[in-house]
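Chain naming follows the written order as A, B and C, and within any one chain the residues start at number 1.
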């Protein structure tokens, strides 16, 4: 299991986007750490800030309308606000990224081999022959048959699953300590998804790297993650080791999410779900418990004034105190807003 | 007794090529599909991308031209008759789409969007129409003032509900739902699924539920067909397909679905690898030499599977 | 691929046939005839009549069309009524002039527009970008003849640094460097004028392509590899953005031919465009019809050229 050797520490991270002249924080005071040899899943629905968190870690935002404050500590560096040129020696080298859509994430005009070897050009002193060798080795490693041929092909000539393998090869080319995977299997069919998840697990076991897995799919989380953080409205509302989270969820939102998955044995029953949506960026409640408006039948004094994360079991953190008073009884009868 | 039968439905697209752009081959998008629909039941159509499941749905409702085969609706052959705009078939079979947003004219108010089928099929006075729209909005759990708004003012889940309101406007017998919740977030998806079940119970609707998500399909459907390359590999009641899957493709799909039980991870991976090993070694049992799926063989009164005749059934 | 090219050429035959028929009919509808210009008060109407009969102007239209098209197939487009030489030799000489002018215009066009488009796209919303966009709108708004006349007046008469008509200085012998330079020198002002006017499309297109490309996922991938931003631009964004520009090359040539009608006339440059205008003025049917046919053919050729270029530069498109 996960060793406690710390790879990345995020403290009080805020990422704000400018709309007109105001910055709205899509990631609002997130603190979490990633250990070596661990898959940390960040789960949430669209608009919760999970993808913004991923792009903040790699500093991929457009500088002039984004503000990243707080700390993203890697080795001795704070990545939040690191200048571009210094960041470039980290990106691809120490932190690799895997994207959601394997077709659009590859340059359509460039051969596969060239796209993989690009990061080797900037991060290693390899000769051209060594790079070619490494590319073939990588393609082999991610389970692509006939690497010599594939290296000379263009992205459109490969299937979706193969393209995602290429993306993974790009991410691991320089043996990064950290891999950020943003919805790596969302665009794929289930059978391919299973293959890609197995591949990620195998690679991780081999390289002992830390993976931050961003996803909306709790099934994927249950399948591969070691630790899970659930995000809602820019904040982490619950964090726990994976079995603890699935067997003993505490926060009403986490419970609602888990109940809304159509289960193999829940046929014909109604799915228990808290009605409503993740509030949009401009309408995020900035004060009090951000989930309180979704569960109006819970008394106001059940919430904390400034909800913080409480440790309820070893490694299991829950925001606010409202979970103690929550049940699904009151959830009936509302309208979808 | 079924009210509608699909018989040997085929949708083939020509591939053109050569010097004179002649038809050189066909894409067999749908290749010999048989179905029967009963009142108040939900039929699942499952497959991966490119399996032909959406094309099947579109062919049934008349959005794709049927190459051969027939659709019998209440004893009448309605194949390729979508052009007759006011026929009973067109009124009784409706469709909801994955991307409800692009299925709505952005310049029309919700009122006009919902009223479209009413105006086509029911000759109602303005007052009656208005009453019906209010009724429909109430059914889908939306406030009355929603009818004066435009599609972009609603969230994905709300738009999907408006799409459903439009589909049920003329009291249809069946709704073809093409990936109705795939674009929605988990909790919104659950809300829409609950709602679809509610109105089904209330109005005795039948659904043809097309999806790639086996969890959702299992939750919703009484009868499930698994599709691969335009053909059914397995079809049966939910229990038949999920508890006793016979075709290797069904087994692969089922073993690939992530389970939200982390403790079963290792066992499930072993199972997945086991199925994959069988898939690699026993291809001939399930696919003919051209990789085509065999014809369906009946295993029980409800359960059929496409397997080679030499080796029927049996694990 | 060559099969497809050949097929496209074969498809051109019916297209050109329909075009020729249209041209022929429209030419017949034009008021006046080639002899109208010859009529003076002293002319004997009977002589004119005789000439008309001899020229076949009273034959049924399909006979006239048949005669014209069969001759055209043999490379004989008839004689020009006004210039008294064969149309093919008349056009042949002018076509080369137009060809060289077009070539220089295209080179100048891309030399100006591509850097500007790239700069505007890369430094989107900067002062530089706003300046370039403003320029491109101005050049879009100015009609061809206005800018041509301004340039002609400014650099031809006011500050006479450019010649105002002709293609070459007669004092040079053909084949010498002086002769070559004199040719380029004569083409320069009309070519610059044309290039400046045509830049808008290329600049705007390239700019928006670059802005679109910037937010593409593969650009994020490239950045996540740790590529310096300048390399992300040169290796990923520019290549993808220049693709449609390259593909548009064929159509640009077609556009040039249309533009040449004005430019050549105003700058007194004896090319096909100028010939076209003068032959319309003198009702020189055989020249007009041949020129329109030629323009039509070149347009079809341009679009074919675009498709071929596209299939070469974009690996996703393969013509079989």
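Simple rule for what comes next: contacts are C-beta pairs under 8 Å (C-beta built on N, C-alpha and C of every residue); 3 or more make two chains touch, one makes a residue touch a chain.
Quick caveat: nothing in here was measured; it's all calculated off a predicted structure.
J.: By the touch rule set out at the top, what is the minimum number of steps from chain A to chain B?
T.: Steps on the shortest route: 1.
J.: Ranking chain pairs by how many C-beta pairs touch, which one is first?
T.: A-B
J.: Starting from the mean Cα coordinates of chain A and chain B, work out the distance between those two points in Å.
T.: That pair's centroid distance is 31 Å.
J.: For chain B and chain C, what's the span in angstrom between their mean Cα positions?
T.: Each chain's C-alpha centroid was found; their separation is 54 Å.
J.: Could you give the separation in Å between the centres of chain A and chain C, each centre being the mean of its C-alpha atoms?
T.: 54
J.: Flag every residue of chain C that touches chain A in the complex, lowest number first.
T.: Residues of chain C touching chain A: 216-218, 220-229, 235-236, 239-240, 243, 313-316.
J.: Which positions of chain A touch chain B when the two form their complex?
T.: By the definition above, chain A touches chain B via 45-46, 160, 189-191, 193-194, 197-198, 216-220, 222-223, 225, 242-243, 246, 256-264, 266-268, 270-271, 273-278, 335-336.
J.: Using the touch rule from the top, collect the residues of chain A that touch chain C in their complex.
T.: Its residues touching chain C are 55, 58, 60, 84-85, 87-93, 96-97, 99-101, 104-110, 115, 118-119, 122-123, 154, 156, 167, 170-171, 173.
J.: Note which residues of chain B are touching chain A in the complex, please.
T.: Per the touch definition, chain B meets chain A at residues 48-49, 141-143, 155, 157-158, 161, 185-191, 193-195, 197, 212-216, 218-220, 238, 242, 252-253, 255-263, 265, 268-269, 272.
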